[in-house]
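Below, each structure is written out as structure tokens.
Two complexes are shown next, each including chain A; its partner changes from chain B in the first to chain C in the second.
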Partner chain A sequence: MMRAMIKRDLTLAMRSGGTWLYGLFFFAVFIALSAIALGGSLNLMRPFAPALIWLAVIFSAMLSFPAIFQTDFEDGNLAQFKLSNQSLLSLCMAKAISFAALSILPLILATPLAALVFDMPLQNVMATMISLCLAAPALAIYGVLSSAILAGRQGGGFLIVLITTPFIIPLLIFGVEAINGYAQSALAAPELRVLIGLSLISIAVGLPAASAALKAQLE
Partner chain B sequence: MAELFSRIGAETPIKARLKVSDLSISRGGTPLFAGLSTSVSNGDILWIQGDNGIGKTTLLGALAGLNRAETGTVEWSADNQPCEARDICAYQPHKSYAKPSLTAHEDLTFWAKLHGTLSLTHHALEKVSLGPKANVRTQHLSAGQKRRLALAKLIISQKPIWIMDEPAAALDSDGTALIDELVQAHIARGGAAIIASHSGARVLSSATRTLTLRATT
Partner chain C sequence: MINYLANPVRFLKFSKIATPIFGWLSLAAFIWGLYLALIKSPPAIEHGQAVRMMYVHVPAAWCAQMAYTALAIASLVSFIWRHPLADSAARSFALPGTAFTFLALVTGSLWGKPAWGTWWQWDGRMTSVLILLFIYLGYLAIWNIIPERKRAARLASILAMVGFINIPIIKFSVDWWNTLHQPASISSPGAPGFPPEILWPLAIMVLAYTFLFGWLSLRGIEADVVRSRIARANTKPAATAIIETL
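Showing the complex of A and B:
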């Protein structure tokens, strides 16, 4: 079932006329504007680069959060899903996987290009990409959770920022700190382990919470 | 027709029963009707009639377990055991829920995978005369063809109780005849149907009843 769901979401995205790439455009624009705002001096920008990339990824992902359940809720697919014998938990998991593939993976792949703008050393590029990869599950699941809570509510987009920010702060703290940790102890950096832990917590707590929110939403 | 259904479900449908006791429905704080009690079990057809805005759709939603009743209860049971609405009910909403950028076949296949009835998609599409349109994206289908696709989804759901909201809207006379035929075949193999319609009830089986909703005064 999860495979069918993921396949459908990927097909829909591919046929959406490129709307799934908006997040990537936002990411590029954010990086370009940051470079302009910091005056374009490489020596000044280099230390901030990982933090700016992290911010660009988080804002870009947040931009796509509301869409996770919105159309399925509006066109009645979510109600039909509830009447099928499939569990909402596996629906949430499928949504998290397709969100990670469509909205986070392209950003991680674009990170080396952003790194060129800031003239980041290779080691920092590696560290940023690894920390983003480890945080991706948590980011996707918090997106699914917030979208599940707010599907079908007016002004959901703004509330999503309010709801997800507290969850994302620890990711941001450890994600950016992991770049220093990686410089000292490579993959053994404790910050990377914390990121893995945060992702595991989001799987254990965020997914059931999201499916409970959907259940309440549909009644 | 009989051949299609024998292919579809060899086993007899479970003994399903939907019981409504003293149900009242309100929308936006305004009570629409109150004190509705009825029950539907295998072999029944229940037509629900009433003026626009009387709450037919809200009632169907409550029967399908999609929204909670204000007061009163809706109980679902399968083989005399209480169960959830999704175990016995299939719901066809008034609005099409086909994804515009998927083809009719892809859209139906997705739901067939969820219901575990993948082998039925081809026959279901043929049955509702969408065979030639199988590879057309649903955004290019007419309103009536989308209705037919929704009927195919009822067939593949393999649920005993069909809950249909204005199924005949936007359908030509062939389409209306198709609904009658599908419902009759569904009843014949032990299913039940609850149909909201303002175009009038048609007697499709010996156990046909009509429920007319009137506003609370």
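Showing the complex of A and C:
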């Protein structure tokens, strides 16, 4: 069932005419704007580059959050899903996986390009990509949670940012610190372990909460 | 006790007596506490007169955290037993909690200027209180944006509980981040061993704030119960159709 849901989401995205790429465009625009705002000097920007990439990923993901359940809620797919008596938990899991594949993975793959324009050392690029990969599950799951809470509401865009921010802050803190940690102790950096822990907590807490929220939406 | 009060009618009877008690106790404690704090207590050696800010700042920060704990417990009760009174309670705890959090930030900032020479420091405590304010605002926004009361209560309670689990994580990560960036540049003002002439006004001010919180939330619950009663009274009866057979 989960596989079918993921396949459906991926097929829908492929046939949507590239709307799933908008997050990537936003990522590029954010990087360009921050370079302009910081004056464009590579020496000045190099220390901030991992933080800027992290911010670009987080904002791009947050802007994609409302779409996770929006169309399914509006066209009645979710109600049909509930009628079929399948577990909402596995639906949330499937949504998190397809969100990570469609909206976060392209950003992580684009990180080396962003690193190129900031002239980052290779080690920092590796560290940024690894920390983003480890934080991706938590990012996707909290996105699913807040999208489930706000499904079917008008003007959820700003609100979803407000609601998800408290959950994202620990990820941002450890994700950016992991770049220093990686420079000192490579993959054994404590920050990377904390990121894994945060992702596991999000699976344990965020997924059941998201399915409970969906259930409340469909009551 | 809680079982007894779970009935809205009995609760209204109880709150009719309890609300004024809380209100007057709060007022009395404020008058006494402020007199002790602002006039009688001596200025501190290190902070001078600015120490008087502590008497309004510390209780506000304390109440802000207490309010969120109460909010999370009420949300848990509302989520498990779907009790409408718990919804009203959770909703009524949120607004005073937000106000106390905001007050703690503002007074902290005003105190920070004379004590540390800056309005704002990104230190662990201030940052986590700021994030607590965001959590409160998100919670209130859920109530605002969802018109159906039951659904709003359920979604808001989910958010409040997940937020409650997240608070220690946020605290831990902010402390970690802060120690990396600025190791112990500020000695904490809450050093152990307060003399009694400072401790007493502080204790009374904490009592005053707690009673104020109790009064505000009891008033809020009362108003919410009445509001939902009016909403119920205003619903029109289902349309009736008379079918006549010829």
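What we mean here is this: the second predicted complex is superposed on the first by the 219 of 219 C-alpha atoms of A that agree within 3 Å, B and C clash if a C-alpha of one lies under 4 Å from a C-alpha of the other, contacts with A are read in each partner's own complex, and residues count from 1 in each chain.
Just so it is clear, a residue touches a chain if its C-beta (ideal position, glycine included) is under 8 Å from a C-beta of that chain, and two chains touch if they have at least 3 such contacts.
Please read all numbers here as calculations on a predicted model, not as lab measurements.
When both complexes are overlaid on chain A, the residue A:N85 reaches chain B alone and has no touch with chain C.
Once the two complexes are overlaid on the shared chain, A:S16 sits against chain B while remaining clear of chain C. Of the two partner chains placed by superposition, only chain B is touched by A:R8; chain C is not.
Within the superposed three-chain model, A:G76 lies in touch with chain B and out of touch with chain C [touch as defined at top]. In the superposed model, A:L150 lies in contact with chain C only, and not with chain B.
Counting residues of chain A touched by each partner, chain B versus chain C, the larger count belongs to C.
Note: residues 219 of chain A belong to the chain B contact set and to the chain C contact set alike, using the contact criterion stated above. Note for the complex: chain A touches chain C at residues 145, 149-150, 153, 155-156, 159, 162-163, 165-167, 169-170, 173-174, 177, 180, 194, 198, 201, 205-206, 209, 212-213, 216-217, 219. By the touch criterion stated above, chain C contacts chain A in their complex at residues 79, 131, 134-135, 137-138, 141-142, 145-146, 150-151, 154-155, 158-159, 161-163, 165-166, 169-170, 172-174, 176-177, 180. Those residues of chain B that touch chain A in the shared complex are 64-68, 85-87, 89-91, 93, 95, 97, 99, 101-102, 106, 110-111, 113-116, 153, 157, 159. By the touch criterion given at the top, residues 1, 4-5, 8, 11-12, 15-16, 75-77, 79-86, 218-219 of chain A touch chain B in their complex.
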